[in-house]
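Below, subunit A partners subunit B and then partners subunit C, in two separate complexes.
So, the complex of A and B:
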């Protein structure tokens, strides 16, 4: 049995999945005239269903009661209030906080511009709908501001909203050509924020922590691994057997092992793989390398799905007009393939965002690790405060992932993936 | 591109779409006017692949030689002899002794990984299916509760759930002296969790053999019944027959062997839990978290697969007056199952891989044990290679099984 056959045995589960339908958003309660009728139709259509409703209702009511009591009465949130900056920035030097705000302003400006350009393209946006969509993130923002002990963050947050508004206006008046360059614009924003944080005597990523580190690992991981992933996907579909075998081997090897083993390996062995007397990179760089190696394989599978979705006629047409193989790929196939996989890439980003929590295993001070570390501070030691800190970071993770997954579902609908 | 120069090229994999660069149909290679080698597509392709392989080989060789040099300079061997040396550490909850070989410690870890994965997969499949069906219920409250469950758990890292379960739920259960006893069915304390289990006596192994034999008989009878149904059309009732035979064999064996198993319930006696099965907090936390998290993903797969069955199928089933049970059993679920198998197998693989996160809470599975081995001064590169190989074998065997299932479910070409 040849190597490629051998490996292909393990690939059914990795074959691009048939897209499952999106969650039943439209499947809301059956409309009814009066509240009584609504109750009858939606909760008590049959006796069994009625019983189910009563049972579920009481369980749910109890859970909600306990939850509300936990949040507002029994929860001891002092640990979060005191350590808020550690949760968000880790060991970032307090003197350099202005840089963080600068980065936030740039991010807000670019986010506003992106929103403005795309609303311009779609002909006006509905402010109420966007507020509803951003509700989880706004909730996190409100929570953060309640925990902050001064008024300055609130003022600066309002200011960043103003900056985002300016960006929105700018985006609206920007030439329509910009709408095709949105990914580049977003990338420029990320790079700008990075430069503001690090350049001119700034703070290198070795000192980043908390939410900032989590965001950096997720963004850096996806952005850097994307080109590798595209190359691997192209290699996997190449007509050169040698290239195909190497790419399949890499992808299946990475997908077959848990991320934590890769992080563990990068932590212990990156130094060993570099030439002697070459300085061993810092911890953040090493875990970033592990995340890039890992994500590239998954991005490759996502992109492969996109490549397969490009109709064969497109390639044949490209051949017919005499394009070289290289031009066929990057002028005809890739643009269509990548457009189709944007939602799946967002999905990949979400799982990478969640997976960055694993870097805590080797001691990187990410959001999750902060939640564990602060419970062993002198003032909070052995008080069983893990529930509070973990719920707090869960809220942040949940809000980010939930909003992103909703956004990717809307994107999927708008792009009409699977409908053409 | 000059189509007239091309020869057919062996592309290795039959049935795979060849890439865009494949030249058009060429001659049979026996043409007298072959182009010079620097314009012969066949030669160029071979050279390109050579160059690629040499480049990859050079990269690997560079990394390998760096590794060799660095290991040599820090006095680490590259042999796997350390596997036979005594481990020198204890593993909680197992009868591994520090004097046993490291090999045995890794085996303990592998068994623990498989144990938590197997139980987790079964439970997650059960809960996930129920929640997925609940998401399609006509009952508004049930539907929304299921959606709440799915949307909450799916969007939190599984590691956060694992740590939360461990340090905020199981470790905060009352101490063993004040353990909660629930209806005589479970005992919950922060030292261990007791749950009902079966207790074996004397001939349990023989009884297991009887059960397996009964299972095979039941399957054989069911197969015979379905073959008869295919031939004659008389109702097969194969489920009824199969279950009946299995239960009859099980009951007969139970009586013949004089009650080889009986249920056993946990009870609190002073500072000990007697009877039932006792789960260490780390194991219980890992199992609960993995189950709940994976179930939220499986629920989405179940819901999506059922919804992916075309509406016309349901309407057709209604048109030929099938009852709602028959519609689900014979029309919707078989098709939904076929859609669901590949993503489900992905989730099973994910659960196995996520069980490695037990390293955070100290449950002795492979990663935890490898970590211990390395921190006891054994060479890291080999330990990590062994760890990765073990996971690869697990992943490949799961894919193999699901591939077989998938192949048996695949539609015959029409």
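So, the complex of A and C:
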């Protein structure tokens, strides 16, 4: 009796259904009849717990009050409202905004198709569940639209939802074979958006900034570093000593250096390694290369773990039916290895997404750097507005990372079908 | 050690020279040695298997039974001696090894089905990737084989959704899909629940009756007695005794064989 009281002490007020003391407690917590009953069971089971509930409850209420007041009353959000386009696009020329919307439409179409294809695989999607899943991103959308000064973005946003809906329908009627090609479909969407932004006299990535630059660095880093990392992981297990040594040396070298150092090196030293009169690439390209080199080494280690998790018998069975070593790897070993490391890989990509903020240190105008730069504009100088801009970009970072992590959980579940 | 005499009648079989049924020579092992760091796993193995012959290998654990059949398709590399499968001599040449693996099907104790592929895909993988068949042809063969092992309705399931016996029958179908000339079974029923052993043994028995050349490592003595043309008894890396099952089980000649049989029967 005493032991269970002690266990509940710390958790009562904030997390009544703490999993530690298993079934009996959980049942009482969930299955209490009236609200009064619920209060008694969960918040005031003993005098000590009751006191604790009151104390913690007041602290919580105060924090929530200050937060709400900050968001709706004291926060001076004018700086975000005025600079919204800089936050999202940096120095992207305003005349070319139509391209951005084009890219958003393509992204919406592909996202809708991906959702459609995977829903008809599961047999019917649940609208409420998908809204709940997209809640963080929807929240950001609402915030952005609140800040926008015209109705056009709102209309276009609604239109992009329409496009996503069309994509969903297309995905549903698409041949089921497509469900195995989802990564390729997503990749095609990313490339399509990229082409719309840059092709036919578009805007090169040197001029991208804000959220667009952050997304570009993260997506570019993910898409390019992934195959590179897989090759490194395979190379590390190669039977050719030369390949193995090169891969191990690369991986260990990169993993021994902080990312910020690599970014500074990309900023300062790339010129030394290029042949004379070869034009030095622009800043964005250089930091992208640094991010790719860095992430590839970590992806390689994650994938190596996955390769080691595939039982020896799988390779033997592949050998026994006469598959060549190359086919043993990409038909049998890699699919299982990658599936086993999805959580770790997504974790790696989430850190990459956040790590892109380090490029602010060499002057690239990414989301974080915008938050700094706008506070030194004439109108907002020396007013201590960094708190507002930083909370705004944190919300965007959080929404993106949290969505990625949720998406990975779903992916794990979906791929769990053929699990051993 | 001359092993050319064709002992059709089965009378007076000697321990190392060993052909029972007539017919073309399918597998030949001559003076095969295999060492796992210090431990001698196979010692001077001599064995001939003719076409359509069913050879059952029995013996205590650690006697080298599995190692022997794993050497025949190069899942293990033998150290000395010759192994010839259907006229192709095993060498270090990759193409040679691939050639032999194409002609030998292998069934493992732990099934080793590919968990990320459906039953049908498990079976069609070899024909499509190695023999370069088109999808239609490979799928037709898969259904034919699944019907033969009596689980055509499981074609679109994943291995984890099947019972152990069904998984092992899928593995047999997968091996047969390469249309091998020889089948190797490595304790195919050891990982199965008792009630599933029979369905797998029945499948293997039907295969034996259809004229497939096979070597089967097993602990199922009644099965050995029923299907074997010859029984090979191994102990401590050596072939101790070879003979037709009726002689082997009723009148073993070697002391070690008698001891082993007395322990298990």
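As a working rule, the second predicted complex is superposed on the first by the 368 of 420 C-alpha atoms of A that agree within 3 Å, B and C clash if a C-alpha of one lies under 4 Å from a C-alpha of the other, contacts with A are read in each partner's own complex, and residues count from 1 in each chain.
By our rule, a contact is a pair of C-beta atoms (placed from the backbone, for glycine too) under 8 Å apart; a residue touches a chain by one contact, two chains touch by 3 or more.
What you see is a predicted model, and the numbers here were worked out from it, not measured in a lab.
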Does the superposition put A:313 against subunit B (first), subunit C (second), both, or neither? second
Between subunit B and subunit C, whom does A:393 touch in the aligned arrangement: first, second, both, or neither? first
So, does A:265 touch the first partner subunit B, the second partner subunit C, both, or neither? first
State whether subunit B or subunit C is in contact with more residues of subunit A in the superposed arrangement. B
Using the superposition on chain A described above, determine whether A:53 touches subunit B (first), subunit C (second), both, or neither. first
Report for A:242: first if it touches subunit B alone, second if subunit C alone, otherwise both or neither. first
Applying the document's definition of touch, where does A:336 land relative to subunit B and subunit C: first, second, both, or neither? second
Which partner does A:322 contact after superposing on A: first (subunit B), second (subunit C), both, neither? both
Overlap the subunit B and subunit C contact sets on subunit A and report the shared residues. 318-319, 322, 324
Could you pull out which subunit A residues touch subunit B in their complex? 2, 4-5, 8-15, 17-18, 20-21, 23-24, 27, 29, 42-43, 45, 49, 52-53, 56-57, 60, 237-246, 253, 255-261, 264-265, 268-269, 271-276, 312, 315, 318-319, 322, 324-325, 328-329, 333, 350, 354-355, 357-358, 360-361, 368, 372, 384, 386-387, 390-391, 393-394, 397-398, 401-402, 405
Within the complex, subunit A is touched by subunit B residues 1, 9-13, 17-22, 24, 45, 48-50, 52-53, 56, 63, 66-67, 69-71, 73, 135-136, 138-143, 145, 147, 151-152, 154-160, 163-164, 167-168, 171-172, 300-301, 303-305, 307-308, 339, 342-343, 345-346, 349, 353-354, 356-357, 359-360, 367, 370-371, 374, 380-381, 384, 387-388, 391-392, 395-396, 398-400, 402-403, 406
In their shared complex, at which residues does subunit A touch subunit C? 311, 313-314, 316-324, 327, 331-332, 335-336, 339, 417-420
Any idea which subunit C residues touch subunit A in the complex? 73-75, 98, 101-102, 104-106, 108, 110, 112-118, 125-126, 129-130, 158-160, 171, 174-175, 177-178
